[in-house]
Each structure stands twice: as C-alpha cells, then as structure tokens.
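Following are the structures in question.
Both of the next two complexes hold chain A, though its partner changes from chain B to chain C.
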Partner chain A sequence: MNVLPSIVSGLGDGMLLFLIASGLSVIFGAMRFLNFAHGAFFAIGGYLTYNFLSNLQLTPVLLIGGALLAGLGVAVLAYVSEVVVFRRLYKLPPIDSLLGTYALLLLLEGAILVVWGPNSLSVPYPKGLNSTVRIGSVDVPQYSLLLIAVGVIVVVAMTLLLYKTSLGLEVRALAEDRTMTQLLGVNISGVSAKVMLIGGFLAGIGGALAAPTIALTPDLATSFIIQAFAVVVVGGLGSFYGALIAAVVLGVTQSVVVTYLPSVSGIAFYATMFAILLFRPQGILGKSSLDIS
Partner chain B sequence: MSGKLTKAPTTGGPRSWSRWFTTDRRWVKMLWIAAAVLAIAYVVTQATSETPPSFFVEIVLVQVLYAMSVNILIGYAHLPSFGQAAFFGTGAYAAALTIQGVPLYASLFLAVAVSGILALLLGLLAVRTSGITFANVTLAFGQMLYLIAANSDLVGGENGLLASLPSQVSPQSFWLVIVGCVTAGCAVVWWMFRTPTGETILAIRDNPERASSLGISTFRYRLTAFVVAGALAGLAGALYAFATGIVTADTLYWTRSGEPIIMCLLGGSKKFFGPIIGAVALTTLLQQVGQGSTSYLIYVGGILLIVLILLPQGLLSIPARIRQISSRWTSSGPSDTTKAAAL
Partner chain C sequence: MIGKRPLAACAILLGLTMTLAACSSSPATPTESTHKDPIKIGFLGTLTGGSADVGQTGLDGAHIAIEEINEKGGIDGHLLEIVTKDEQLSPTQTVKAMRELAQEGVKYVTGFTSSADVIAATPIAEQNGMVIITAGATSTALTTTNFSKNLFEVASNTSMMNAAAAQLVATKWKNVKEWQNVGFDYVTGHVSWDEFQALTKKASPAVKFGQAVFYPLAGGQLSAYITSLISSNPSKTDTGLFVTTFGGGAVTFAKQAEPYKLFDKYAVVANVGGGEELAAALGADSPRIYYVHDYFYGAYDNAINNNLVAKWKERPKVGPKTHGPHSWLYEGYTATTAFAHAMEKAKSTDAKKVLEVLPGMKFDTAMGEAYFRAEDHILYAPVTAVECFGDAASEFGYKCENATSIPAKDVVPAPNPTKK
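On to the complex of A and B.
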C-alpha cells in the first residue's frame, strides 16, 4: 500500500483549512483579533454554492465560477460584520471580543438554520473531477489536485498582496508595531475592513470548494472553525506562512492517520495541536510577543 | 465599601429619586432578604409536595453551579478556558459509570475527585501557557475527550449511558441533593476568594508581573484555581447526568464549554452573583425560545452581542450604568462619576 494517495488528499484537505486559516491569521496579525464567526463565513460559502449550482450539470468551470461568486457574497457579509459588529469589539478585553465573535457565530449559525433548514444538503463533485488520476504507479484523487492548485494560487496571490501593495505594507506594519503604525497615520478601521473583506472572500471560496467533499449541515460552522483555530495557533498567531505550514502538517497527519488508524482519526488532529502548543506555545512560526492574555 | 458611601452628603435636586436609588442601599438589603425567604420557601414546598420537583429548575441550578465554576477561571483567575466541558462531561460520565455500584453521595464524590484529578493533570501542562494559547490548549484537550467518548464502546459511543438514580432516592430527596450541592459549590467559591489563597489569585489576575516579582508562584495559584474549577464543573456534570437521566458525548463538546462563559459575561464576570444571574437568565431564555426551534441560536447570539456591546460589565452592571447616566443628567460634577466608578 502506497502512502502517496493519502498524502495528496491530506494536502487537499490542508488547503481547505488554509483558505480559512489564512484570513484568520492575517486579521489576527493586523488587529489582534481572533474571529469565531469566520467558521460561519466558511459554512455560508458552502451553502451559497449549493444555491448557485444545485440545479446545474456541474462542470469544473461552473464550480470555480460558483466558488468565486460565493466568495464575493461572503466577502460582503464579512465586510458588513466588520462595520456593524467587529468594530465595536476591538476596544473590549480580548476574551470579551472573542466571545463577541462567538455570539456572531451562533447568530449566523441560527440564520443558516432558518434559511437552509436543519437537513443536510450536498453538492456533487463536478464532472471530470470525481475520480482518480494515475501519477506514476499510484492513483490520486483528482479533486485534491484541484484543491492543491487553488491553494498554490492563493499563496502566491496573498504573498503579492502582503509584499507588493500598500495594504500589505500596512498589515505587516500593524503586526510589527501597532502603536507606531497608528502614530504614522495609518487608518486602522480602513485596513481592518479591507482585511476582513479579503479573509471573508477566502473563507467563502474555501466553503464553496469544500462543499462537494462534505455534507452541508448547520453545525459545519462550529466544527470547522475549531480546526481552523488549530491551524492558526499551531502555525503561530498572526503568521501567514505559519498557517500554511500548519495546515499542511495537520491535514496530512489527519489524512494519513485516517488511512492507517481510522479509530483515532479525529483525535490525532487535536493531539498534534495539543502537543505543539505545549512545547512551542507561540506556534511554529509565531513570535511569543504577539500572544494576548 | 458601599456602607461608607451611604453616608455621603446628598445635595438633593430635581432627580432625587435616582439619588435614593443609587446611594441609599437599604432597599438592596431588603430585596436580598425577600429573595432568600422566597427561595427557602420554594425549596421546602418542592421537597414536600407530592408531585416531583420541576425539571427545569433543577437544570437551572446545575447551570448556576457550572457557570460559577467557570467564573473562577474567567472572572477571578483570567485563565480563559474553552475546555471546561471536559470536566463537566467527565463528572457526568463518572457519575453514570459508578452509580450502579455505590450510593449517590459516593458517586457524586467520585465524580468530583475524578474531574479534579483530571484538571490537575491537564493543569500541570496547560497552566504554563496563558491567553489565547491557553484557550486553545484546553479546547484541544476537550475535543480529544469528546472524540474518545464518542468513539468508545466502553461509554456507549454516540448513544451515551443511562444515569438513573437508585430506587431508594426519591425525586424529592434528589431535589434537596441538588440544592445542597449547588449551594455548597457557590459557598466554596465565595469562601475561596476571601482566603489568602483566593486573594493571591486575584492579585495575580490584576498584575501577574508584580505578583511574581514579589516571589509568588503564579503557576501554583493558577493551578489551584484550575483544579477547583474543574472539580466543581465535575460536580455540576454529575448532577446534570442524574437530572436528565442520560449522559452523551455532547456533554464534552466544545460548545458546552462556551455556554457557561456566555453566562458569566452575561451576568457580569467580575461580580460573585454575575454567573448566577447569567445562568438563570440564559437558561430561562433558552427554555422560552425552545431548544429545538430554529430561531434559538439567533436569540442566544443576538442577546449576547447586545449585552457585550451595550453592557460590557454584564447585567449586574445595570445599576451602575443607571447611576452613570443619571449623574450625567444632574451634571453634579465629577465627584459623582468617580463614586459610580468606585461602586
């Protein structure tokens, strides 16, 4: 038995996690703000895709189009949340603001329940991506390859954004030294709204691309956000590349363990998180000074 | 400290009712006495009546104890644990597993002991971290226990275990057990933060650097708080198991850790009675809305958001808010606002 297929599908799952976690992580870097409601953004992305595509003969192009649309929808939602809710939470103590985002998560989960109902919905795999492809001597799932490709595109795009634009410069400056950046006249609420928009867009795309691989249920938001938190803290709070590494490590670990030791599958994920945090509380690439207490 | 303030000279004025409300605290004392008398009367009627005591009130009391235990961490020790369901659930499972072999009091004791020991073991590792990392370490631990319980046949997997009371314990006497345990648990928290240990925990909360530079082992005191909180959460879990008659893996799921935190912040985590008010308010609200209904989560989330934004100190800060606002109306200078802040 070859380990490659489970590594590839683990990489695919890791990329899904990364799509949520990258937004969370960049927002944390800029705003010192960890957002539970991001899980709901992800779930709503999946549900919107269901609405866009459920009656169509699904092709890869349609799925990508639906994902982009869902991403835009969620980006708008994230922007509105920032202006209406998050902006009022920044000045609260960290635990209260965390609870505030948790409240928004519950609110959005309730909204999902009202709009889409309690039953599980599903989006089929698009035609042409529902089987495996032979690489060398092993078969790997096609859909995972798509996810990996999307992941690579997002990493490149975000790198360009962070290092080649003025918004990226402001985000990095905020992560480095908040007070100084404010003194230099950077408009924090503007940066925060833009970052939230981008994070929401990525989470929406993540939810859309995850839709074929999972059942859409209202508790998707609560179950997925915990895994995304795991990625963000294991990678190091506020570190974009840390989130990438952590998503790959946790996704692949999970996938390999599911293949060989199915009985401890979910536990391995949290055990990895638990162990990394105890031995390196600041995470893989994190700076310990960024932690808030 | 409020006693001194009642003697502060009041200059009367167009809004003297608000002065009476804010500075004359006798009405508060009378309210307390009335509430205590009503509560005792209620406990006695429930224990002596023919019909079994109200299930809903039992659950409210259990939630009060759970929220009180979590507030040791949220309000007093500043250890934001998102994994207290681990101890709540462990207490529930311990009670359900032992009740066949031992009497009720021993089963409750074992539940407290097991979850306390578990809290000690986790605390030895986790209390070294703080802030968001601590929240996530405890969260990961809780989720591990949840997955273990949900997948293990020993504890019934997804279906869970039955936790039926022994036949010699009548619903009426179990009611008294709940009242006794919840009162005792709250009394422990009250007493704990009036001992030197508790005062030290508060000092560490307010300024950890100063405390450790004075030679205080912050780790040891935080660990103490964590163990007490875990043991009390275990007691709440055990009572919950017997009250509902069943234990499922859901008692360990992370949203069950979030609930009592909501209660603490809703009532006001800096005050002793905050979690009590919060637990009663939230549980009652949920019962009114109906746990199964689709709009249930919208209510919980919406109310929590509104409270956090408009009343960041919780429902118990409403009198202080009124004082603040009324002093703005009467515009009697800064001395009034400082008084409001001191209260």
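On to the complex of A and C.
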C-alpha cells in the first residue's frame, strides 16, 4: 500500500485551501471580524485572471503576473468594501456583521453573473505546468508544486510583515487589545483598512492561482468559503499558522480517505474537523483568548 | 427629520425595485396590440447561482418560441407572455414560486433544472389545475414513480441516455472490455452507473465493470478521486470511462484531471447527460470525448432547428461566448412550443382542455416529429451522441463531429407510470 501519492496530492489541495483561508484568518485575528464576502473576493480574483490571461499563450511568469494583478484588483475592492461597508459593521453584534458581510457576498455574486455571465469559464494551465513530474514513485502535478511554493512564500512574507514591520506591530497590538492600541495613538481605522487590503490581496491571489484548477461559475464564492471557514476554525480562530496546519491536515486526510475509504469520502473533511474540535475546541493553535500569533 | 441622503437612497431603491419588477414579468414581443388577455407562461428555472447557465439558456429558448408565436398573432388572438421565477435549485423556493404563479393566474409552467424541484412543484400544479412541461429536469422518476396527469417531460431522461450509451457500447465501442465510472455523489449519480451496468450486461454480456468514483456535486479539491482512478491502471486500448457529471462540477474535475492526462489513458470517454460545457471550458486542451444528450445543434438539418440556432445567435448574451447553443435551449423552446401546439389542438386556452390533448400529441421539434406518450407523458424523441475535441482553429476552441441520432424506439423504456 503506497500512501505517498495521496499525501502529495492532499498537500497540494491543502495549500490551495490555505491560500484562500489565510486572508480570512489574518482579518479575524486582527479585527475579530468574520468576513463572508472573502469568498466573493476569491471568486473575483479568479474571474479577473480569466480576463487578464484567457487569450494569451500562458506561461508561468504570465500567470504569476496575472495573479499579482488580480490580487491588487481585489485588494482595492476589499479596501473600498472596508471603507464603505465593513467599518459600519465592526461595532455591531457578531451576528449582524456576519449577515452584513453575507449580504455583500450575495451582491458581489450577482455582480459576477451580470459581468461574466452564467456559463462556466476556465483559465488554461500555463505551459510547463500542465503535466506531472515524477518524484520518487509518485506522479505529482507540476501545478501542485507551484501552489506549495506560493504557500511557503505567503507564510514567509506574512511572518516578515507581522514581525519585522511597524504595520505588523500595529496589527499584533490590535489583535491583542483594540482599546489599548487606540489609547496608545494608533490609527485603528487605518490599520483595519490595511489589514483588509492584505486579506483582499491574499484572496485575489488565491482565486487567481485556483483558476486553472476549477470551473469559474457564479456560485464559486459560496462553494469555497465554507471550506475556508472550516480551515480557519480548525486552525484556531485568527491563528495564521494554525490555518496553515489545518489546511494541510484537512487536505491530506481528505485525500487519503478518498483513496482508501471511498464510501465515506463525502464526509471525510467535516468528520476530521469534528474530530479535531472534539479534542481541541479552540482549534489546533487556538488559545482560550484569541491571538493572531 | 429625514436627511437628504436617506431620501435619495430610498428613491434609488424604489427605482431599482420597480425596474426589477418590470423585468420579472414582461411581454416577450409587445409588437402588436390585442384586445384579448395575454396567456401567461411561467418559466421557473435556475436563473442565478452555479446552474444559472441551465436556466438562462432554457429561458432563451422559451423567449425565442414566444417571439415566433406572437409574430404570427399568438394563439387565437392571445399573445403569450413569460413570467419568470428563480428556482434556485431548492424545492422550498420552487414551492413558493409555484404558489406565486398560481396566485398570478398562471396555468402553464416550464423550466426546471432539478427533478426534486419538479416533484415538489407537481402537487401544486395538481391542486391548481396547472400544466407543467419540464425543460431541463431528466429524472426517470418524473414519468414513473412520480408520474402525474399534470406533468410532461421534454428532456431525454437518464434511462434513455443510459440506454443510448449501452447501445453505443454494443455497436461503436465494441473494443472496450471494461468500463469505469465518474459520477456525482448523489442519488442520480449512483443510479445512472447501476442502470448503465444493467443495460450493458444485457446487450454486451462480456463487458466488465471496474473502478467507480463519486465526488461531491460542489466540486472542490478532487485530485484524490483522480489518482484513485489512475491507480486502477486503465488501458488505452480497452478501458472506457463512463462520466455522468455535468456543469461546473464536471469542468472542475476535468481541469484537475488535465495534468494527469487522465482522459488520455482511456480508449473511450463517454459523458452521458453532460453537454458541451466540458469541451467549451477546456477549449483547445479538450480531449476527445463523446457527449450523449438529447440534442446537439449541429446534428439536425431542418427548418425548425436551423431557425432556432439562427435566432439564438442573434440574441444578446452576457459574458464571453464560449460555445454554441446548448441542449437547454432546445428544451426551453420545445416545452414552450408544446404549450402552443396543445392550445391550437384543443382550440382553447383553457388548461383543462389543454391537459386533455397533450397525452399522445404529435408535434414538430428541432429533432423532427415527436410526441408525448399517452401512458407516461415522456417525450418520444431521439437521443443524440456527438464527439468533441480541442481544436484551436475552431470558433470556440473545440470541434464536434460524427453526430449520431439514436432513434426513440431504441432508447425509450417501456411505460411504467406507477403513480396515477
């Protein structure tokens, strides 16, 4: 029994989930704000990539360029959403803000239908990343290796940002104690907007990199947001590194179960989530009090 | 005191609401005035969400039919008018929409993507004397266990498409010794695979059946299902892959299978019940796949089909043009014209009289003459198989050829309406 192919394919799947969930985790960690519209940001990242790249002879460099552009586009959208919508929701009870962001998700889904139409669209794989490569005895999609590499880059970049920059210090302070941070003279609104900008950028990048592996359909936003939330919860609400571990654990478990216990594959993802939360209700790296670090 | 900004916002909201209300119920072609009341045709389809392409394309077909009928003066001086409702792939929403249609005096309803929604809608049709001719729903249950005197089915049902596939196994795909399966993990996915095996065993007893995977309707991360199929070592010369997925979920599977060159590892890939959306989404990268469905626009050279395709090309479309007219167009068009034919045959627009003439009614469709079989209300019409593959030089990046029309007599099952 060679379990390695399942583990490797699960690792690629998990890393894509992490890219989607990472922005969600950063936003919640810093602001205690559950943003359902994140799913729409992810979907728009995919659709923007379709616009940028679908008529080009796609190369890995073009894809990365397109993903960065899509990330920037979505970051701007997230920033505008923060200023126009989210800022009004922060002081409301969590259920109200959740409903508010869900309303924005539905609005953006409707906008996707109006702009890109109802048909399934897809982005081709870039040349050189549309096949598999043999590692030991395992055939691994080249594209999965790219996703794993980008996931690692995101972890490193976010670590540097959070621990080596003044913005990171402010974000961590905000996560620790919002009132105290404000009393110390930090512009909370400005930091919140920047956090949303970063979260939007990560969602856009996630959507762009997912685009070659999925069908772009008007319900893309809702179909991925549930799994992304599951990753955030299992990792520990607001824990960036917890989200990474949770995405990998859930992705690999799902992959192994599909291969060896196909009859229960439909519930593997959420059964794993249930099992982890049963023993660690606060999530893998969650604390009794929420903490981004 | 109310400020100016809230007032302006209210005015904008009111305007938007009125615009939406106007859009949701409008005569298709108000080109000529009439003194008679319009006949309302309800179109209850998936107009939003992941299956919006099914509903929107079916609605296009209904609009084309109504424009043609109204251009000829309507039915006995009554123009036809479409009233749209969103099915949202939800039996609860469907029941609500059906009740609204009943309250609005709508007696004729078409559309529908999900058979579960049709089953939920049928009792309301029975209670209110409404007639349903489903366009997109394909469950065999609609003409068997859930048969209703108020319900008629246009699309080829899953039994018909599986019978067509089994016939192709016995004739065209004789080289295939073993079939494997990819389906959605829901009832129809499992039932289709079981039915295909049973039908194939009858016609081709030597054929074997191997690995079968079923993945979630929503798609998601599917590489584990793909590697599971590859680990069964399919043969390029004598293994076939029976695929019953459709829409975005089918495209997602195909996209994730692409790096593994999964489809290239099989002698034949047959997508039964799925349309060209797979070829459209994969474009020039699309492998050679057989599509078995009720209709393919390039397979029929007759006045009705040629006109339908031409009118579809003229219609405005939202988003990029990625493929030709899908079978949902034919289904919406056929269901709507069937109402008109029935009213003409009954010489009445009264739903009771229309219900009397629909069973057994013959009429011309884009695939030739067809009729609603009196015993179970199935549309006695052919099933179409076509082979599509990536071709960068073609308009949409793929090309289809070798279209075959499999006659109704070879695929329509014996009538078995168990609920009356």
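Methods note: the second predicted complex is superposed on the first by the 284 of 293 C-alpha atoms of A that agree within 3 Å, B and C clash if a C-alpha of one lies under 4 Å from a C-alpha of the other, contacts with A are read in each partner's own complex, and residues count from 1 in each chain.
The rule is short, and it goes like this: a contact is a pair of C-beta atoms (placed from the backbone, for glycine too) under 8 Å apart; a residue touches a chain by one contact, two chains touch by 3 or more.
On a predicted model such as this, the values are computed, not experimentally measured, just so you know.
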Joint occupancy of chain A by chain B and chain C, clash or fit:
clash
Check the residue A:Asp139 against both partner chains and state whether it touches chain B (first), chain C (second), both, or neither.
second
In the superposed arrangement, which partner chain does A:Val258 touch: chain B (first), chain C (second), both, or neither?
second
Regarding the shared-chain residue A:Gly71, is it in contact with chain B (first), chain C (second), both, or neither?
neither
Just checking: does A:Pro126 make contact with chain B only, chain C only, both, or neither of them? Give me first, second, both or neither.
neither
Could you tell me if A:Leu113 is touching chain B, chain C, both of them or neither one (first, second, both, neither)?
both
Where does A:Met273 make contact in the superposed view: on chain B (first), on chain C (second), on both, or on neither?
first
Touching partner for A:Gly39 - first (chain B), second (chain C), both, neither
neither
Re chain B stretches 81-89, 243-251, 261-269 or 279-287: the one overlapping chain C is 243-251
Where chain A meets both chain C and chain B, residue numbers
109-110, 113-114, 117-118, 266
Show me the residue ranges of chain C that touch chain A in the complex, using the header's touch definition.
48-50, 52-53, 55-57, 185, 213-216, 218-221, 223-228, 230-231, 247-252, 255-256, 258-261, 277, 280-285, 317-320, 322-323
Under the touch definition given earlier, write down the residues of chain A that touch chain B in their complex.
34, 85, 88-89, 92, 94-96, 98-100, 102-111, 113-114, 117-118, 222, 226, 229-230, 233, 237, 263, 266-267, 270-271, 273-274, 277-278, 281-282, 291-293
As the complex stands, chain A meets chain C at residues 5-6, 9-10, 12-13, 16-17, 54, 109-110, 113-122, 124-125, 129-132, 139, 141-144, 212-215, 217-220, 223-224, 227, 251, 254-259, 262, 265-266
Under the touch definition given earlier, write down the residues of chain B that touch chain A in their complex.
74, 78, 80, 125-126, 128-137, 139-141, 143-144, 147-148, 151, 254-255, 258, 261-262, 265, 294-302, 304-305, 308-309, 312
